[in-house]
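What follows is a set of structures to go through.
In the two complexes below, chain A is the common chain; its partner is chain B in one and chain C in the other.
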Partner chain A sequence: MILVVAEQREGKLNRASWEAIAAAQQPGGELKVAVTGSGVSDVAAELAAAEASEVIVVDALALADYTADGYVTALAVLIEQERPAQVFFAHTYQTRDFAPALAARLGRALITDVTAIRNEASGTVYVRPVFQGKLNADVTAAGPAPHLITIQIGAYRADAARRGASAAPIRNAGIAVDASAIRQKPEAPFKEAKQAVDLSQAERIVAVGRGIKGQEHLKLVEDLARAMGAEIAASRPICDAGWLPMDRQIGSSGQTVAPKLYVALGISGAIQHLVGMKGARTIVAINKDPEAPIFEIADFGITGDLFEVVPAMIAELNK
Partner chain B sequence: MARETLEVDALIVGGGPAGMSAALRLAQLQKAKGGEPLAIAVLEKAREAGAHMLSGAMLDPSALKELVPDFKERGAPLGSEVHHEHVYFLTRTGKIPFPITPPPLQNHGNYIISLSRFVKWMAGLVEAEGVDMFAGFPASEVLYDGDRVTGVRTRDQGIDKHGAKKSTFEPGVDIRAKVTILCDGVRGNLTKALVRRLALDAGRQPQLYAIGIKELWEVPKDRVKPGTVIHTLGYPLRMEEFGGAFLYAMADGLVSFGLVTGLDYRDPMFDPHQAFQHLKQHPAFSSILQGGQMVRYGAKALPEGGWHTIPRVYADGVLIAGDAGGFVNSMRLKGIHLAMRTGMLAADTAFEAIRAGDTSAARLRQYEERINASDVRRELYPVRNVHQSFSYGLLPGLMYSGLSLVTGGWWMKDPMPAHAGYERMAQLADYYGETRPDVDAPVRPAKIDRQLTFDKLTNVHYSGTRHPEDQPSHLIVHDTNICSTRCRAEYGNPCTRFCPANVYEMVDAGNGTKKLQINASNCVHCKTCDIMDPYQVIDWVPPEGGGGPQYEGM
Partner chain C sequence: MKIAVCIKQVVTREWQLRVSEAKTWIRDQDASFELNEPDAYALEEALRLKEKHGGEVVVVSAGPARATQVLREALARGADRAIHVEADALAAADAFVVADALAGAIRDEGFDLVLTGLQSDDQGFGQVGVVLAEKLGMPHATIIMEVQADPSTGSGQAGLRVKRELEGGWFQWMTLPLPALLTIQSGINQLRYATLKGIMAAKKKEIRKVAPAGSATPAQNIAAVYFPEKGKKTQMLAGSPAEAAKALIQKLRDEARVIGH
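Right after this comes the complex of A and B.
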C-alpha cells in the first residue's frame, strides 16, 4: 500500500498533492491519502475524489499551524498504524522541512525529488536528478519499508490523477498530538512582498527576457498575460535590473515551474533559465534569433520580432 | 546586534591544501609535544570543504608523504599514477612532439588527482583531530592592533542588494588569534590588504599570474589510457602569449582538460575562454573529446611569478602560506605540494611561537628561515626568472628555461625585470593601430556548438556556482564611469573577455551609450578581474557565506 501525504495550508490544498497522487497511482496497487492539520474536512472531501481506498485525516489543534515537530510526531504515529510500503510526498518547501526528520525518526530511507518510478524485478527504481539536473540517477531504497519518497513538482501531471467512481471514504485517524512536545513556535506567515506570487502554482506563464529591451515595454507583456489569464515571469536579467520583482524570476537562481503553457518572449534560453521551466507541458518561444537555444526545447517556435508578434497575439485572444 | 568574539590560539584562514596542512600539522605537534592543548580554528568560505578547489591537478606527493606517511592506508583519493607523457608544440592544425620530455615536465611517480576530493579528504583528517572547521564563513577583513594582526572578522550575513539589513541579518564574528595563518589562496583578499598595509612586497617583483580554465570530460574509455599526461604549447596561443594546455586522463574515461594563459598578454581583445574553445577544436584534442560529454567547468587564477615575487610572509601575529604567498613552480606547473609544505612550516613556526609566548615578527621570522632551508627554496630558486623570461616571447622564454636547467637560473640581470601583468596590456590604438576592432564582438570568434564548444553562460552552469541574488555585489568596481568612458575607448572593456564566467557585461544604457552590468552571481571566484583590470579599480571580496562554485570532482 502506498500512503500519499497531501499538503494543505490554511485549508487550501496544494495542487502538487495531486501530482504525488498521480505518481502513487502509477504502480496500480492500493492507495491511501492522508492529510494533516486542524479543521481540514473540506480538504479531505476534495481529496476523496481521488481513486483511493480511503482518505485519512489527522486532525489536531496542535497541527493548526505547520511545525516540523508536530508533523513528524503525527505522521510517525500514522505510518506505524498504517504500515504502508511507501509514503509519497510532493517535494514542496514544507516537505523539505520535515521529511528528513521524519525519515530519521522512523529510521527509514528517504529518496527526494523523484521524477520517475520504474518497477523492476529487483524492486522499485526511483529516478532523481543529480548535478543540478544534468544527470539522472537510478536509486533504490535500502533497508526495510516504509520508504519515504518525495515527488518533484511538475514531474507528474495533476490532471492525470485518476478520480474514483464514487468519493473515497474519509476516516479520522484519531491521533493526538501533545502541543508541549512541539519546540517550534510559529509566527504569522512572513510575506516577502505585497504581491508575493507562487509561480509554481500557475497554470499559464508568460515569461519575458532581454529581448524586451526596456522596462517601458513591459506593458505589452502584461497585456498578453491578462489576455491569456497567465502569470508574468522573467529571466534573470529582467529581475536583476529591477524591472520585475525577484520572486518572478525563473531558473536556477529563481523558481522552478511546470505550468501547462509557458510562453517565452525574447528569452534566448540559457541553460540557467531552461532548468527552471523545462518541465512545462507546452513551451512557446518567440525570439528574433533562429539559433537561440530556447527553440531546441520549444514545442512551438516563432522566429520574429516580439513587438510585432505579441500585439497580433493579444488582438487574436481578445477577439 | 552585538558582534560576537571568539578567541583561539591559532587561526587558519582558508581551507585549501595549505590551510589543511597547517591545521593537521598543528594538531600533530600538539599530540606529540603534549601540554596545554591549543585552540585551533579553520575558516573556509565554501559551504563545504573542497567545494572551491580547482587545479589540474597533478600532485607531487613529497609533502604528503611527510605529513601523512600512511596516506594510502587512510584512503587518500590519489587517482591515477602517471604512466605516459607527451609534450607537443601545436600549430594551427598539427602537432610536433618534443624530442624528449623536458625534465620539469617529467611526472613519473606523481598522481593525477581531483584537488576538490583531495582537500575534502584532508578536511576529514583535520576534523578527526578535533580541529574546529568553520565552512561557509568567509573572512572579510584583517583585524589589527596597530600593525599587529590580531585575527580576522567574518563577513556580515543577511544584507540585501541595496545594502539594507534583512530579517536574517547577523553581524560577522571577530575571531582573535595569537597567530593568524593566511592561506586565502591566489590573490587572497586578506593577503592583498595585509601586503598593502604593511608593504610586505617592498623590494619584491610584482606577482605574475595566469588563468587556468578547465573542463572535466567523460569520453569513451578507449580514447586515452588512464595515467596519460599531455602538455602542449603553441596554438591557440600566439608567440606573444604565455601559456599552454594540459590533458590528464583518469580511470573510467574521465579526462581533466584545460588551458593556462598568462595574465600578462598584450592584446586587449584576447579572450582566454575563446582561446580554450579554439583549443578544443584542434585535432590533437577534438579527437579525444568528440563524442564525449563535458561534465564540469571551472576557472582559477594561479600565481606564477615565482621566487622573486613572494612577499615577506611573516609579520607581527601573522604568516602567509600557499598560493596566497605565491608558492608555485611555474616551470613544473605545480604548487599543491608547495602549499602543503609552506602550510606545515607555518604550523611548525606558529606552534613554537605560541608555546614560547612570543608571536612577534622577530620570532615568526623563523618561518622564512625554515622556507630558505627547505625543499621549497631548493625547488623555486633555480627557476626564479622563468615566467619573467616569457614576457620576451615564447622562444626567448623557452630558451632561457632550457638554459636555467644548466645554469641554476642565472641571468645577467637577476631578478630579471618584470612588470605587473595588467600593465603590459596594450591600448587598442597601440595594438591595432588605425583599424579599431568592434569591441562588442570577438576578434577571433569560435563556433559554439554546445557539444564540444560552449558559451560562457552555459559553462558557468557546469561550474555549479550559486550565490543568493539578494546581496550586494561582491565585485566592487570603485569607478564604473571609467568603464563606459575611458576603458571603452582605451581598452574596449577587456573585463567582458578575461572574465571566464560572464560576470561583466556592457549593456545598452539607452542613450546610445553602454554601461557596466555586473552579474555577480555567475562568479566562480577565479580572481582574474581583480588581477587583470588595467585600471585596478576592481576589488574581489568574498560573497555571503557559502556562495561560489561547486567543484566536486575537479
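Right after this comes the complex of A and C.
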C-alpha cells in the first residue's frame, strides 16, 4: 500500500498533492490518501474523489497551523498505524521542512525530488536530479519499509490522477497531538507588500541568469526586452545579488509564468528555476555551456556568448 | 552565542561534469572545488550574529581531506575555528551518513545555534540540516530569510524569531527556543569575501580533524548517474553569433509566431 500525504494550508488543498497521487497510482496497487490539519473535512471530501481505498484525516487543534514538530509527531503515529510500503509527498517547501525529521525519527529512507519511478525486478528505482539538474541519478532505497518519497513539482500531471467511480470513504485516524510539545510557534503567513509586478500576465519574458556577470550588463537585457516587447525577469541569484528586485524572480521561490515566449539568457536551468517557467509555449535558451539543463526544455537553443548573440538579436529585431 | 555552521565542499559550477567509470558518481579527481553557495550564506549569517551578539563561530565539514579548502576559506572570512570530520567515503555519502558524522562532532560542544545551507549544489538532498536537528534533539526551521536573536524575548528562555520563506512569495515568522537549528536560504544577506588580513589570520586558526564517530548506514544508494535525455526536440542554431541570431529571430517570427514583424 502507498500512503500519499496531501498538503493543505488554511483549508486549501495544494494542487501538487494531485501530482503525488498520480505518481502513487502509477504502479496500480492499493492507495490511501492522508491529510493533516484542523477542520479539514472539505479538503478530505475533495481528496475522496481520487481512486483510492480511503482518505484518512489526522485532525487535531495542535495541527491547525503547520509546524514541523506537530506534523512529525502526528505522521510518525499514522505511518506506524498504517504500515504502508511507501509514503509519497509533493516536494513542496512544507514537505522539505518536516519530511527529513520524520524519516530520521522513523529510521527510514527518504528519497527527495523524484522525477520518475521504475519498478524493476530487483526493486524500485527512483530517478532524481543531482548537480542542479545537470545529471540524473537512479537511486534505490536501503533498509526496511516504509520508504519516504517526495515527488518533484511538475514531474507528474495533476490531471492524470485517476478519479474513483464513487467517493472514497473518509476515516478519522483519531491521533492526538500534544500542543505543548510543539517547539515552533508560527505567526500568520504574509506577502511582502512590494510585490508590484505580475509577470504571470506577460506574453513575452526575457529572463537573465548568472551568465550576465554584472549589474552593469543589464542594460543589454533591457534593450532586448524592449525590442521584443517583453518583460524582464531573472533567476534567483540575480535577485539575491540585488541586481533586480525580488518580484522579478521566476522559480519555486518566485513567480510561476507561462508566456508565449520565454528567452533564457545565461540561465543554466536549475530545477528551482525550471518549475517556474517550463509551461512557456516557446522557450529560447542562450548559454555558453552546451550541457546546461536549460537546453533540455528549450525549443530553440544557441550555444554561445550572450554578449555577442544578444546585440546581434537586437540588431536583427530593429532592422 | 556559540554558533556552528555546517559547510560542504562541492565542485565549482563552471566545471564540466564527467561521469566516473563506474557510472555511479562523477570523476572529480581533476575538478575544481568551492564552498557550497547556500552554506556561504549560512556562514555570513553566523558572522553577522556574532558581530551583533558576541560569541564564537565554528565551521564544521564532513568530507574527504580536500574539504580543508572550504574550512580554510571560512576561517579567512571570519570563523573562529574549524572541525573537519574526515573520511573519503563522505565525498558522496547520503544525508543520514553525513548528518550522523556532523552530529558526532557537534553534540558535545554545547552550541546555542546550528546553521546549515538549505541544500547542496551536488546531491541536492535538502535533508542534512533537518536530519541533524532530529539527531541533536533541537527544534528546527528551514528556508530562513531573516534571523532575530534577542536573548531577552520569550518567557525567560533564550529564543529566536525567524522569517521562513513559503512558496509563491509568501513568508512567515516563527519563534523557537534555543538551542535550535536553521537552514538558510540563499540571498538572506550580502556575502563578504576574505580579505588578505583574514587569509593571514586564518593560518593561525585551529582546524581539528576527527574521524566519523557515528555508525549510520546509508538509507539510499546511487545505482547510476547519467546525463538526462532531452525531453523536447531542441533546434540548436549554429553559425556565427550574427547568423544564429538571424536564424532565431526568423524562426520566432515565422515558425513559432511569438513576435511580430
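What we mean here is this: the second predicted complex is superposed on the first by the 194 of 319 C-alpha atoms of A that agree within 3 Å, B and C clash if a C-alpha of one lies under 4 Å from a C-alpha of the other, contacts with A are read in each partner's own complex, and residues count from 1 in each chain.
Criterion: contacts are C-beta pairs under 8 Å (C-beta built on N, C-alpha and C of every residue); 3 or more make two chains touch, one makes a residue touch a chain.
Computed from a predicted model, the values in this text were never measured in an experiment.
J.: Once chain A of both complexes is superposed, is A:Lys134 in touch with chain B (first), chain C (second), both, or neither?
T.: So A:Lys134 meets both chain B and chain C here.
J.: Quick one: is A:Ser252 in contact with chain B, with chain C, with both, or with neither? Answer first, second, both or neither.
T.: both
J.: If we overlay the two complexes on their shared chain A, which of chain B and chain C does A:Asp240 touch? Say first, second, both or neither.
T.: A:Asp240 sits against chain B and chain C alike.
J.: Chain B or chain C: which reaches more residues on chain A?
T.: C
J.: Tell me the contact category for A:Pro293 with respect to chain B and chain C: first, second, both or neither.
T.: The answer is both, since A:Pro293 touches chain B and chain C.
J.: Is A:Gly214 contacted by the first partner chain B, the second partner chain C, both or neither?
T.: A:Gly214 sits against chain B, while chain C stays out of touch.
J.: Would you please give the residues of chain A that touch chain B in one complex and also touch chain C in the other complex?
T.: Looking at chain A, the two contact sets intersect at 131-132, 134, 190, 236-237, 239-240, 252-254, 293.
J.: In their complex, what parts of chain A are in touch with chain C?
T.: 67-69, 72, 92-94, 96-101, 103-105, 108-113, 125, 128-143, 183-192, 195, 204, 210, 228-229, 236-237, 239-240, 242, 247, 252-256, 260-261, 268, 281-282, 284-285, 289, 291, 293, 295-305, 308-310, 312-313, 315-317
J.: Touching residues of chain C toward chain A in the complex: what are they?
T.: Residues 11, 13, 16-17, 19, 26, 95-96, 99, 121-131, 133-135, 139-143, 164-177, 185-187, 190, 217-237, 241-242, 244-246, 248-249, 251-252, 256, 258-260 of chain C touch chain A in their complex.
J.: Which chain B residues qualify as touching chain A in the complex?
T.: Interface residues on chain B, with respect to chain A: 167, 295, 450, 457-458, 460-462, 464, 466-470, 508, 510, 517, 519, 521.
J.: What residues on chain A touch chain B, complex-wise?
T.: Per the stated touch rule, the residues are 131-132, 134, 190, 213-214, 236-237, 239-241, 246, 249, 252-254, 270-272, 275, 293.
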